[in-house]
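Dropping the structures in below, format is structure tokens.
In the two complexes that follow, subunit A is the common piece, with subunit B as its partner first and subunit C second.
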Partner chain A sequence: MSLGSDSSGGLLAAVREPFEGPNTMGNTPAFWLGLTAAVTLLAAMPVLFGYYAAEIGAVFLAYALLGVSLCFIWGYCGILSFGQVAFFGVAGYAFGIVAINVPTLTGLTLGLLAAVAVSTAFAAALGYFMFYGGVRDVYVTILTLVVALVLYTFLGQTAGGEWAIGDARLGGFNGMSGVPDLGVGIGSVGLEIGIVGHYYVTLGALVVTYLGLRALVNSQFGYAMVATREDERRTEMFGYDTTFIKFVVFTIGGAIAGLSGVLFTAQNNYIDPSVFGITAAALPVVWASVGGRTSLIGTIGAALAIQFVDYQLALSGSEWALVLIGSLLVFVILVMPEGVAPRLHEYVVEYRASPDPTPAETPAPGEVHGGDD
Partner chain B sequence: MAGIELLNFGFEFVEVFAFIVLATVGLAVIFGMMGIINLAHGEFILVGAYATTFAFAAGLPLPLAMLTGVVITAVFGLVLERFIIRHLYGRLLDSMVVTWGISLVMIQLVRIAFGNSAPGVGIPFGQLPVVDGPVYYLVLATIAVGVLGGLYALFAWTDFGVRARATMQDEETARSMGVDTDRMYMATFGIGSGLAGFAGALYAPVMTITPEYGTGFLVEAFVAVVVGGSSVIVGTILASGFLGSVNAAFTNLAGTFMGQVAMLVAAIVAIRLMPDGITGLLADWRENRGESR
Partner chain C sequence: MGTSDPTVRTTPAVDETGDESSQILQTRGLCKAFGGLTATDDVDFGLEKGELRCLIGPNGAGKSTFLNLVTGQLEPTAGKIYYDGHDITEMPSHERVGRGISMKFQVPSIYEGLSVAQNVRIPLQQVADGDEFESRIREILDRFDLLAERQTVASALSHGQQQRLEIGMAMALEPKLMLLDEPVAGLSVEETAEIAELLREIAEDDGVALVVIEHDIDFVESIADRVTVLDQGSIFREGSIEAVKADPEVKRIYLGEER
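Presenting the complex of A and B:
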């Protein structure tokens, strides 16, 4: 089946080419067909289920983007950060501060840019500090978690009136409320993005980030990233600047987490220090571990599914969501440490390979190799 | 005047030092032995605190209630080790992620089972005469020093300690020499859990007990372990001394919050300068001196 469409769709294959390679799973036409169907389905959500679905869905999609930021740095470069929420939250607060003070279209656009810039710079500073300082492995993980927890403590004690930047009051544990919706434009020319619009913006950001990262991890730089993950010393011996690679990857991860933080804050019109808390910090790790840290799409799927279940449980008044999420994490690591998506992928590859081993030549090498990563 | 200020600083230092030492030792023992950072450390502390308060509320005298807390936490740690952690030796990052999952489950289970508050335990021993603070903090400091001394004795002088350190240094060789390394890991995990429970029990009278109780210890514990490095006792003493004095100095100058901030900044700078912790640096020095001779 895959052979047939490969030969017929020369143009399609050319379009797909930059997004495919040994570092990603799903390099077959069937995968892209499924992905298109999934995106279409997600895009149809507000039409099918209305306004309310868009409001909730946008938050899940923003979370998925946060999960992607961790999947990218952990799964592809071996940097386990427990503090992706730090960049998420910092960008959220930064957007809130700018947007509350300048609630015009120009201000909102500036707020978006400034927030992503702040989180990127923050990640770059922290990454420079750690990787060029020789901080490694477990220490990176703990340091990033400590940074998030420190921000939690810091913002928790900003309840007083002196903790205000212009009109934006940080508000301590009560949080910063009254953050405007997202908007893009200059002066009076532009677009204020309402709830349904925000849903599509978030979905668009997720899809674009996903495709962009797929292209990146399958590029020369991506190979160097994966090599750094596999064996840092050997990669360095080959002449790659692994410190620089880790620094760049960590910074990109911070930028993506920051973008998701802005989308999250603008959707809720609110942010509070709990985004830095130990529970919130655990969620990206849960999504990436359960979905599969070497699979961007797996992480996205896990984030959407877990947050959906969490939301349904919260709606029904159950307190068991966190117990369920924590147990799921323990279960997955014990039973299939690589995560759900890579395991599924193995089954698919095996299934395809088993009936007639000869004609499956073309897709097989890339696929089998992808399963290894 | 200066005398009072010095006393205040001294008291502050003693208080913070004791807190960091007690919050850290359980984590440090497990990290030093197995390289695992136990992210459920805060919840082990939580178990100790809850067991203590409920035992106390049931009418046990405070020391016995605390002992109950320690024993229950140690047993709890052993059960977790047998059922879950054991399968993850040699998979450091996985073990961290799993312990985090355990932590999430436990915080929420405690909340479901006991609600958002627990019965309090009064602070024993009354107030100090000159400095503003309870006598209990001095007791805590004495206990902290005692715990460090006890650990030193355990690891340096007993047969168990020798076997444990052998396992830590070279598992393969230790096993081929007849050390049951599996049991060593189990025992160490139990000791680490018991020490975490001890911290929870000791601080039950001074801190409000909520399901997030353990989180209050986490930052100090993580920071001290990372700054201290992998040598359990020396690392804990040096890191606690360093971080404690920075915290105490700035708390005296500019208040509790600034003390915290200064301590964390100092910790981050320390990690930047000494990526393997203070004891990593000491080990390097020792090696260099050995080479130059």
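Presenting the complex of A and C:
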């Protein structure tokens, strides 16, 4: 099923095969080499820069995972959700509530699973009512943003002592603190995951999600997603249940956003309603727009780069981080509306233009972003 | 649902019709009203398997509405639609397609951002297995004379190539019934002749029943034996192209401008 991909034989090509196709950029050995280098570099961060890099880096990686969840549903299926943070935050709070009440290995494992299940179910319920109710295009964007803002308002008024679930106090705008680190296991058998461990778990989750989504978007279902994005009515007239496709895609996006929310909350040991705020809600849209919404790797690179710059500016005491991010968004949308990675891909294809009729493909946009933090 | 439905009547057409079992498509008392406007008014339509029928009529006669009712893009206000002996009136669009109804839209409705090969793969993967994709795509593109363009982005094709691509995509579904809304609108004389040849081939060689909406009466004459004339939402006349062309009433409502 790898139309248009080069078919240089061998084991390596066979391994690459399910991850490649015309629905993703980067179908060449050079791309995979670059990606491996970038992942290796990211994996070396805690070794090179120590404990502190792991602590900060894990947050950036969790953000990248959130960005990927939007890239997947927006870039590949045309569903612009402005409320991916709703699933991110709901999962974060859900993990916190379970983990604070049962801070054992079993409890932490259950907390992780329950939180992802809650965000998935939440996305499925919202998606069901939206798509089967005929809500589409910009109204999906508005509705998802409203859901995030409603959660922001709701959790903001949970300061009172009556807003506690067991030992977990929601805490209103002060947030919920004392959320334990991640842990995986049953009874006394398992692993408590410390700061460096958490960094690697988050990196692993990002890499696995990235590869999984690449395989998915190049599968038959991926073609159906892309077709739905391009022209929903036409796709329906090719026998696809586009409503169901959008529902499934939105639900998967909610699950990924939920996982990123758990990783974020467990890393910070804290969550507050600002994760549902309009600034937070806009960030995934900025990452995907700048990096390129049709490029998973572009969105990851943009999320890492933008959050790194944002963090550096905040460290230096600058108030200009948001202004800079906003200006960057405007600049990219004006100069390259499709985003950085698709534009780079175009340059590379042109540069490689060869007599070979199959299109030459890209090296890693990841190479460009790999060293960003 | 089924052919045993006692309400099924034979279609009251101008001239003889085949027996019901050979009909791929039937509508009974089909109506569609948009507010006060009745776009389709009590239409009893019948189409034989493998038949190529043209649907003509002045602007606003309800031709496109009729096709949209058959594909399920619109819901009828009243009446029934039978496809291959089954009542499909309540069936969602995508399931009708799964049973072999294929549609070619008026404006070339292709995936403009995707390559020609990707375009064909989308309908193809509904009927073929993964290991056949490559060879089947090649086959279809070869038949519709687009093989050289397989990696081209569809938006870069000429209008005629886009029309051919969309017909190829509709054929990739291996349909039993294909509905085409003005397939030669805006095409050159040569391109029109090419499409006419293709459609005749699809009806004769592939045995696909075709309903073609068309304004160009010469084109209609070149492809269809029988035509149905719609006017103000109802079937006004039905019969051979010669008979319809000769009918003074048809001339009055439709061919008037050619007098």
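Here is the rule we go by: the second predicted complex is superposed on the first by the 344 of 373 C-alpha atoms of A that agree within 3 Å, B and C clash if a C-alpha of one lies under 4 Å from a C-alpha of the other, contacts with A are read in each partner's own complex, and residues count from 1 in each chain.
We take it that a residue touches a chain if its C-beta (ideal position, glycine included) is under 8 Å from a C-beta of that chain, and two chains touch if they have at least 3 such contacts.
As the structure is a computational prediction, the values presented were derived from the model and not from experiment.
Novice: Which holds for A:235: it touches subunit B only (first), subunit C only (second), both, or neither?
Specialist: second
Novice: Between subunit B and subunit C, whom does A:223 touch in the aligned arrangement: first, second, both, or neither?
Specialist: A:223: touches subunit C, not subunit B.
Novice: Looking at the overlay, what does A:137 touch: subunit B (first), subunit C (second), both, or neither?
Specialist: The first partner, subunit B, only.
Novice: Applying the document's definition of touching, compare subunit B and subunit C: which contacts more of subunit A?
Specialist: Of subunit B and subunit C, B contacts more residues of subunit A.
Novice: With the two structures laid over each other on chain A, which partner does A:176 touch: subunit B (first), subunit C (second), both, or neither?
Specialist: A:176: touches no partner chain.
Novice: One more residue to check, A:22. First (subunit B), second (subunit C), both or neither?
Specialist: Only subunit C; A:22 stays clear of subunit B.
Novice: For A:275, using the defined touch cut-off, is the partner it touches subunit B, subunit C, both, or neither? Pick first, second, both or neither.
Specialist: neither
Novice: For A:98, is the partner it touches subunit B (first), subunit C (second), both, or none of the two (neither)?
Specialist: So A:98 meets neither subunit B nor subunit C here.
Novice: Tell me, which parts of subunit C touch subunit A in their complex?
Specialist: It comes out as residues 71, 73, 92-95, 97-98, 102-103, 105, 109-115, 117-118, 121-123, 125-126, 130, 133-134, 137, 151, 169, 173.
Novice: What does subunit A use to touch subunit B in their complex?
Specialist: 80, 82, 129-130, 133-139, 141-143, 145-146, 149-150, 153-154, 157, 277-279, 282, 285-286, 289, 319-323, 325-330, 333-334, 337
Novice: For the complex, which residues does subunit A have touching subunit C?
Specialist: Touching subunit C: residues 1, 3-4, 22, 220, 223-224, 226-227, 230-231, 233-242, 357-359 of subunit A.
Novice: Within the complex, which stretch of subunit B touches subunit A?
Specialist: 35, 37, 42, 84, 87-88, 91-94, 96-98, 100-109, 111-112, 215, 218-219, 222-223, 225-226, 257, 260-261, 264, 267-268, 271-273, 275
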